[in-house]
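Pasting the structures in now, so scroll down.
Each of the next two complexes has chain A plus one more chain, namely chain B in the first and chain C in the second.
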Partner chain A sequence: MASSRMLDSDHLSAIAVWTAACLVGGFFLWLLSDIVWHGVAEISWEFLTTAPLNAGRDGGIGPILVSTALILLVCMVVALPIGLGTAILLAEFTTDESLFGRLIRRSLDVLAGVPSIIFGLFGNAFFSVTLGLGFSILSGGLTLACMVLPILIRSTEEGFRAVPTDYRLSAAALGLSRFTTLTHLLLPAAIPGLLVGFILSIGRAIAETAALIFTSGYVDRMPESLLDSGRALSIHIFDLSMNVPGGDAKAYASALVLISLLFAITTLSAWIADQWLHRRIIPV
Partner chain B sequence: MNQPMDSTHRLPSWLRPPDGLPGHQPSPLIQTEKLSLAYGTQPAFDSVSLSINRGCITALVGPSGSGKTSFLTCLNRLTDLIPRCHVSGRVHLGELDVLSPKTDVLQLRRRVGMIFQKPNPFPLSIRKNLEFPLREHGMTDREHLDHLLLTTLQDVGLWAEVKDRLESPALALSGGQQQRLCMARALALSPEVLLMDEPCSALDPLSSGVVEDLITSLRGRYTVVIVTHNLAQARRIADDVALFWVQHGTGQLIEQGSSKQIFDHPQHELTAAYINGIRG
Partner chain C sequence: MSPVILQILTLTGLILVGAGCQESPTTHHSKRKLVITGSSTVAPLMAEIGKRFEILQSGVRIDVQTGGSSRGIADARQGLADIGMTSRALTSDETDLHGTAIARDGIGVIIHTSNVVSALDDGQIADIYTGRITNWNAVGGADALIVVVNKAEGRATLELFLKYLNLINTEIQAHVIIGDNEQGIKTVAGNPNAIAYVSIGTAEYDARREAPIKLLPLGNVPATLETLRTGTFPLTRPLTLVTKAPPSGLIKTFIDFARSPDVHDLVTQHFFVPIQS
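Now for the complex of A and B:
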């Protein structure tokens, strides 16, 4: 009796877990297939390279892809070093109890939950107006950097904290400096955490609309410098589906491009990190 | 144990003096004076004054939690890395005042190597485990590195086992091999002192025997301080023995003396009880 009861509750929990997993997977598949179904017909080399015409109903997304890439580039070039530095400071040079560390961690956790529209308004006020960068790719990228920093820092910090203390002690016992230990042992071991942070950040950044509306702007021409306004892909999709009657087909195609890009970037970064890890450090 | 180590063979007999060699006065290399350590407000050991003889093997024995590991970490200032750890008293290594803030800890730790209870090779190849610290200490000459690699791996009796797979991950070695690799890594820096924290506790009897032979072969060339729970082992390898005990809520040094004295004529009743296995 007892054992069949156990079996039943085991079965129940297995069913519950599988149902949840299938729901999530099914929802994702539905979303993906909807986008592919509606969008794939529009995808062509011409679509990817030419400028949008007639408010985006015709033509392609060439300049928009360039703007998106530039915004992401600015975002990551700024966010990665600051994120890595702060994560190292938090994980290696502050203790759990120290007031400074607690303060920074708490602020980051709050910042991570702030809605992106707030970052957009802040970016507009600070980068566009106060620093005089106007509506530009630079303003947009910097705003995104602020937005993704909390998540980037926290997951990189986790990466460092996951490295066993043994490495630090044994390195110190061999007379190695903290700097050497950091660059040669801890950093390679913390790369997986950094990678998770990077993927989450770039996913958030590439999908961002609200933070960019007030900072990088709407202009769908090909940008000539970082100080030009540039329309990001997500804004293009938003605009086509909300403001442009008859823009749905192109909106679907753009969404498909966005998802493919996200997929390509995460796969590529995982692959690069893996290669680098193999070169530096040999896993078990 | 059943395979005699080549290093023991190569060692000239004068490096392995029998106990109480006439006319041979051991001189202290490390001396602690009223050394105390506390984690936060919790004392780990209190007022330990111990002297450790040059070229000898000193065994620290005593029950769990009596502060033996903590004591070792004071000798190479690994305590600097432990948050909220307070050390007071004095430690002399020859002329060097170990605890002085002016002491160059990296240089100190080169002179005082440490082997941990759990083998902890870096997640690198076997070769890199040995070469990485050497390179960081400025040894970059290829030939010299290769020579050190060969001799230290031979010293720890690992050469025959790993010579064909120097580029494979150190973490793929067995526990005993990893521990010997860690010893080779420490020995390659040619320290004066080796601190060993229960180096055999994670090993099977056979590997443990190999490591024990290795430690014996270090006598004379290095000053060894070894923590062990194995009294038979302490008796076999140690020249001097120090007994730690928890008293009044903190670790204390109960008795120190030559191995012969501690095991045959213990002065303190706790020592007598402990070596006879009555308590602890």
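Now for the complex of A and C:
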């Protein structure tokens, strides 16, 4: 009697878990197939390399891809060192109870929940106007860097905290300096956390429209320098679907490119981290 | 230090140095670059006019940014933009600015094609937007609750629509708030009980491409590009370029170009009515 009831509840929870998982997968497949269905016909080498014409209804997304890549590059080049540094400080050099650590962590958690339009307005006021960068890829990238830092720092910090304390004690017992311990032992072991943060950040940055419309702007010409305004792919999709009559087909195609890019970046960064992990930890 | 971190730091340095180097040529060129910001209704048209202008005047760059008419006014005033775009005429608070109309647009009320209502008078529209009429059966339609779609604050379309109906925004009982025109059309196309108001050109274009929406006449005048052209449609607006000082130099050349017959084909292509000068 008791065992059959246990079996029932086992079955029930199994069904619940499987349904939940299938729902998530199903939604993703639905979304993906909708975009592929509507967008794949427009995709061609020409679409990826030529400039948009007639407000984006014709032509391609060449300059927009370049602008998007530059914005992401600026964002990551600025956010990664700052993020890594702060995470190391939080995880290795402050305790859970210290006032300073608590203050930083609390600020980061609040910042992580701030709507992106706020970052956009801040970026516009600070980078575009106060620092005089105007509407430029640099302003856009820096604004995105501010936006993704909280996620990047918190998940990297979790990565460091997940490394067992034994590692640090053993390293100290062997007489290794803290710096050597950090670069040769803790950093490689914390890579999964850093990677999660990196992927989440890239995902948030590449999908961002609100923070960019006031900073990197709307110009769909090929950028000549980081101080030129450049339209990001997500803004292009938003404009085509919300503001340009007859822009839907190209919007779907651009969305397909965006999702493929995201997929490629995720896969590539997982692969690189895997390589690094093997090189660092196993042979030492 | 790990080589990867070193590489990242080097890259950061390079980018900052690169930005510094690029600073001087860009500021040097700044006289030949026009920044235009504002109305999302005007922006796609202006970007196309800008591209044509760049071909004619080599070495000139026209950067078009969007964000709404209020932003066009604010940016032109602050000097963040050389030219602001608004999809309405300047108001009495804005006499410090100089406006030039480049094209004409109208605002029309749209509903779903499955809705049997074929006309609403101004009083009925005002009652629907203020929540005094909440069911389509009160205006000759089916028994269904009306979904009121309103524009976001700061949009010229909203200001003109309210002015036409003698309403203020706080009276409006809206269920959905939208930004750009296409968003309004998609909202109505996806909701048989919705009512919204959008740029007539955009609505006509989408209706022709089989979006399930129809434009209602306003004050008994059918909402078409034709009645806009003849000037009989009651709710029209000039698409206006705004400058802080009276236009001169390159700014004047551009504004003159933007209202010249050389771009009338672009204006028509974007479903606006060219200004006959």
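Methods note: the second predicted complex is superposed on the first by the 282 of 284 C-alpha atoms of A that agree within 3 Å, B and C clash if a C-alpha of one lies under 4 Å from a C-alpha of the other, contacts with A are read in each partner's own complex, and residues count from 1 in each chain.
We take it that a residue touches a chain if its C-beta (ideal position, glycine included) is under 8 Å from a C-beta of that chain, and two chains touch if they have at least 3 such contacts.
Not measured: the values here are computed from a predicted model.
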Report task. Could you look at A:Val74 and tell me whether it touches chain B, chain C, both or neither (first, second, both, neither)? Result -> second
Report task. Kindly classify A:Ala189 by the partners it touches after superposition: chain B alone (first), chain C alone (second), both, or neither? Result -> first
Report summary line: Max touched-residue count on chain A (chain B vs chain C) belongs to chain C
Query raised in the report: Between chain B (first) and chain C (second), which, if any, makes contact with A:Gly175: first, second, both or neither?
Result: first
Query raised in the report: Taking the superposition as given, does A:Cys146 touch the first partner, chain B, the second, chain C, both, or neither?
Result: neither
Requested in this report: Would you sort A:Leu90 into first (chain B), second (chain C), both or neither based on which partner it touches?
Outcome: neither
Report task. With the two complexes superposed on chain A, say which partner A:Asp166 touches: chain B (first), chain C (second), both, or neither. Result -> first
Report task. Could you say whether A:Ile237 touches chain B, chain C, both of them, or neither, answering first, second, both or neither? Result -> neither
Report task. Using the touch definition from the top, say if A:Val219 reaches chain B (first), chain C (second), both or neither. Result -> second
Query raised in the report: Can A:Ser128 be said to touch chain B (first), chain C (second), both, or neither?
Result: second
Query raised in the report: Which parts of chain A are in contact with chain B and also with chain C?
Result: none
Query raised in the report: If you look only at chain A, which of its residues touch chain C in the complex?
Result: 54-56, 73-74, 77-78, 80-81, 84, 128-129, 134-135, 138, 183, 187, 213-214, 217-221, 225-229, 239, 241-247, 276
Report summary line: Within the complex, chain B is touched by chain A residues 95, 97, 166-177, 180, 184-185, 189, 281-284
Report summary line: chain C residues touching chain A in their complex are 1-2, 4-5, 8-9, 11-12, 15, 18-19, 22-23, 25-26, 35, 40, 43-45, 47-48, 61, 63-67, 78, 80, 179-183, 185-186, 201-202, 205-206, 209, 269-271
Query - In the complex, chain B residues that touch chain A - result: 76, 78, 80-81, 83-84, 106-110, 113-114, 116, 118, 120, 122-125, 132-133, 136-137, 168-169, 171-172, 182, 185-186, 189
